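Dropping the structures in below, format is structure tokens.
Look at the two complexes coming up: chain A is in both, with chain B in one and chain C in the other.
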Partner chain A sequence: MGDAKSDQELIVSRQVLSIPQRFSTGPVMGRFLRELRDNRRIMANRCPKCGRHQLPPREVCAVCHVEATEWDALGPEGTLRDFDVVYYASPDPLTGETRETPYVLCWADLDGTQGDAPLWHLLDPADLGRVRRGARVRVVFADEREGTTGDIKHFEIIE
Partner chain B sequence: MRCKHRNVAIIGSGMSKFSSHREEVNQPEMIHEAVVEALDDAHLTIDDIDCVLHGNMELFEMVHQPDMWHVLGSGAWGKSGVRLTTGGTTGATLACAADNLIAAGLHDVVLAIGFEKLQEGHTTGGITNMADPLWGRSLQTGALTGTTAQQLIDRFGGDRARYAAMKLRTIMDENAMRNRKAHRRLRLDRKYIKEAAENSPPLVGELRMIHMCSQSDGACAVIFASEDKVAELGANAAWIVDHETVHREETLILDSGKSTHRVAAERLFARNGITDPVHDIDVFEMYDPSAWWGLDWLGEFMLCEGDEHLKMVENDVIGMDGEIPLNPSGGVQGSNPIGATALVRVAEAAMQVRGTAGEHQVPKPVRRALASGFGGTLWTVLMLLSKEKPALEAKV
Partner chain C sequence: MSQEAENAFVIEGKMALPYQYFAGATGSKFIVALRDEKKILGVRCEKCGKTFVPPRQTCERCFSDLTDAWIELEPTGEVTGFTVIRYAEPYQPVTPPYVLALIKLDGADTPIAHLLDCGDLANARVGMRVRAVFSEERKDNILEIARFEPIES
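For the complex of A and B:
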């Protein structure tokens, strides 16, 4: 590097933060995650007023603003509503590792769902070539489950 | 019922140069550029400012209370102040808050500052961490999605939808070429609309690199004043007619009901006697994070039916010489310092009303201008400005 260039050096302070976080899940999300982990079941809660499911569940119906206290198991099969084929190699924010591309994110209406509550997850990379809206899909659970989003491995196309 | 106690106007604005890297200045220094320009534009000094509002994307640069560090550049030392952060809408929320504070009589002159230095953090990481920490963070891809593109293609056919989105992108770039502050000035050519999209790398589905907004460093400052102060100063004013914020509680519902954009437009227009927005509004600064969203949202904000919004693009209704020029500044596809971005929309709309936009001033007379803000969790903010001082009347 020549002198003229080093005269113009802009000093930047480089810092990398790594933050271990611990979030309480509470009784509602906690139940949903426990059912996933222990029983391989996808449980949604249902509004007693309008009957719509909430998936993932939340304490109060977002439309009626009443407590949603009834629970139903949905799926594990369903119909693929929408999908995104992702080419951009974004890092997984939980691990910092760059994802393999392309991969498919999809939204599926699980059988038994009332109202507008598609489940959002990855699609089996093997199904990339035949993904289409309206395809029948099934939830594939991870072998080792810890009560996280990763307890679902992905959807797979079943036709 | 809404009734203002007194009118509020924008009397000055300033912006730093927007760029992918502003490594020659630190955050307070970059903000200082915008503040000095705004004060000069309003013919004021920092001593004339009663209150400083400050906002950006929460923790995108991982600085807790950045307004404390920025006091050297913002001039907020010893003044009343509020820090606001509402995601992508932050800048528009700052403008609404300034209007509210002055209309309520709490302050006479308010300086609103939005900034972002995206190179000093991680944009996609920041947006991803807006997701519910209990479910779905690991699936997030920041603000990138191809679903709107696919919906437009399904509805209007691939060739027509792809052409309209890329023509809108090209018009935005033509406008950015006239704006010296703009970050991306690509010199796109209308002769190669189809090729420019096809040759751009795909990000998600039909959303390609060329369609997507940039990650920019930059700051924007806007000065708001009460009507008494405007009269005292003899200021060149863009009056705030009204503003509307719409959001919804649940973010994961895809298709239910109207968009927050359409609801906001319907409410704002009904309150202010706007029956035909394309005719009644003279220029529109839209928060358009991608060409596909820009195309779709044009239809939502202008309350279009069927393919009216595609025709607006195809027939140059949104061009600089059109009936309702869209983003004479080049819009968000030209520059996107996120915490400043929505305030830039308000500033640019005000510049068009005040006739101070210089090389990107639209040729037609501007009586009314509309600015929009968009936030990642489906928030919409709309602000309507006018050349004429509004009547202080109750609005339902």
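For the complex of A and C:
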């Protein structure tokens, strides 16, 4: 583009398309979400063969390929395993609104977990300045819960 | 209700997809001329003798640069094909059912897709003579032409 054209009006169209969707939970993920909503409990299912937990639960043990029929409540406290501090202002996929930055995503091993099944969620923005590996954390539930992973508000650091 | 049925439920949600579309230098000049002057611009490749509407920067046949090969077209033309949209979904320009037609403007070699309002849907015909009706409202997109209508004969 030459300088002679630089004052041309250029058209940009900005839109947010909103696409309705329906997600059928099935009985296993549904139990996990219902327990969050109704009982503020984080339920993982456990493989009857190898004893490992799956969180979020899945119908079949990914290692042993047998139905994971046992259920345990884990946490709500745990130990922070790792975290990301996110500075990129990505849009929230459920609203199209741009997120506040920075925000922290973290992985925590909930107390009682057998095997490798950390829970992945946001950290309380107030804890940004003191986040570290190994910190003790607790799950904070949302006041209004509707059977989604948003029923967990975030983790908070408790020490 | 069995425990399994109680545990299985449906979550209603929505997914938002923000996006930006850049019309570019050529597309912007086309839209601005529609909006501000109620003129339909195309580009003409003299080497191939072809007129392109909507305009493009490069001739699709000989790859000549058409950046400054602008010509103005009449707002009249002929229907070269059409379909009837009966399925309602979000983000349609008008409420179905409606006719989406390919319209080759007089002097153009390529058709543009646009809305055709011919009253009864059954009136739509290939070969129908039509005229562009410009929008009263500012749109900043191809809907600066609101629709095409049949020319009374």
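Side notes on the structure shown:
Convention: the second predicted complex is superposed on the first by the 142 of 159 C-alpha atoms of A that agree within 3 Å, B and C clash if a C-alpha of one lies under 4 Å from a C-alpha of the other, contacts with A are read in each partner's own complex, and residues count from 1 in each chain.
Here is the rule we use: a residue touches a chain if its C-beta (ideal position, glycine included) is under 8 Å from a C-beta of that chain, and two chains touch if they have at least 3 such contacts.
Fair warning: this is a prediction, and the values are worked out from it, not measured in the lab.
After overlaying the two complexes on the shared chain, residue contacts for A:W120 are found with chain B alone; chain C is out of touch.
Looking at the shared chain after the overlay, A:A62 reaches chain B, while chain C stays out of its contact range. Contact with chain C, but none with chain B, is seen for A:S18 once the two complexes are overlaid on the shared chain.
Shared-chain residue A:R34: touches chain C; no touch with chain B.
Of the two partner chains, chain B is the only one that A:W107 touches; chain C does not reach it.
With both structures placed on the common chain, the touch criterion links A:Y88 to chain B but leaves chain C unconnected. Overlap of the chain B and chain C contact sets on chain A: residues 10, 12, 17, 21, 23, 25, 33, 91-94, 148.
For chain C in complex with chain A, the residues that touch the partner chain are 4-25, 27-29, 31-32, 90-91, 140-141.
Of all residues in chain B, only 23-24, 62, 124-125, 128-129, 132-142, 144-147, 150, 201-205, 248-250, 252-256 touch chain A in the complex they form. Listing the residues of chain A that touch chain B in their complex gives 10, 12, 17, 21, 23, 25, 29, 33, 56, 58, 62, 81-82, 84-88, 90-94, 105, 107, 116-118, 120-122, 148-150. Considering their complex, residues 1, 5, 8-28, 30-31, 33-34, 91-97, 146-148 of chain A touch chain C.
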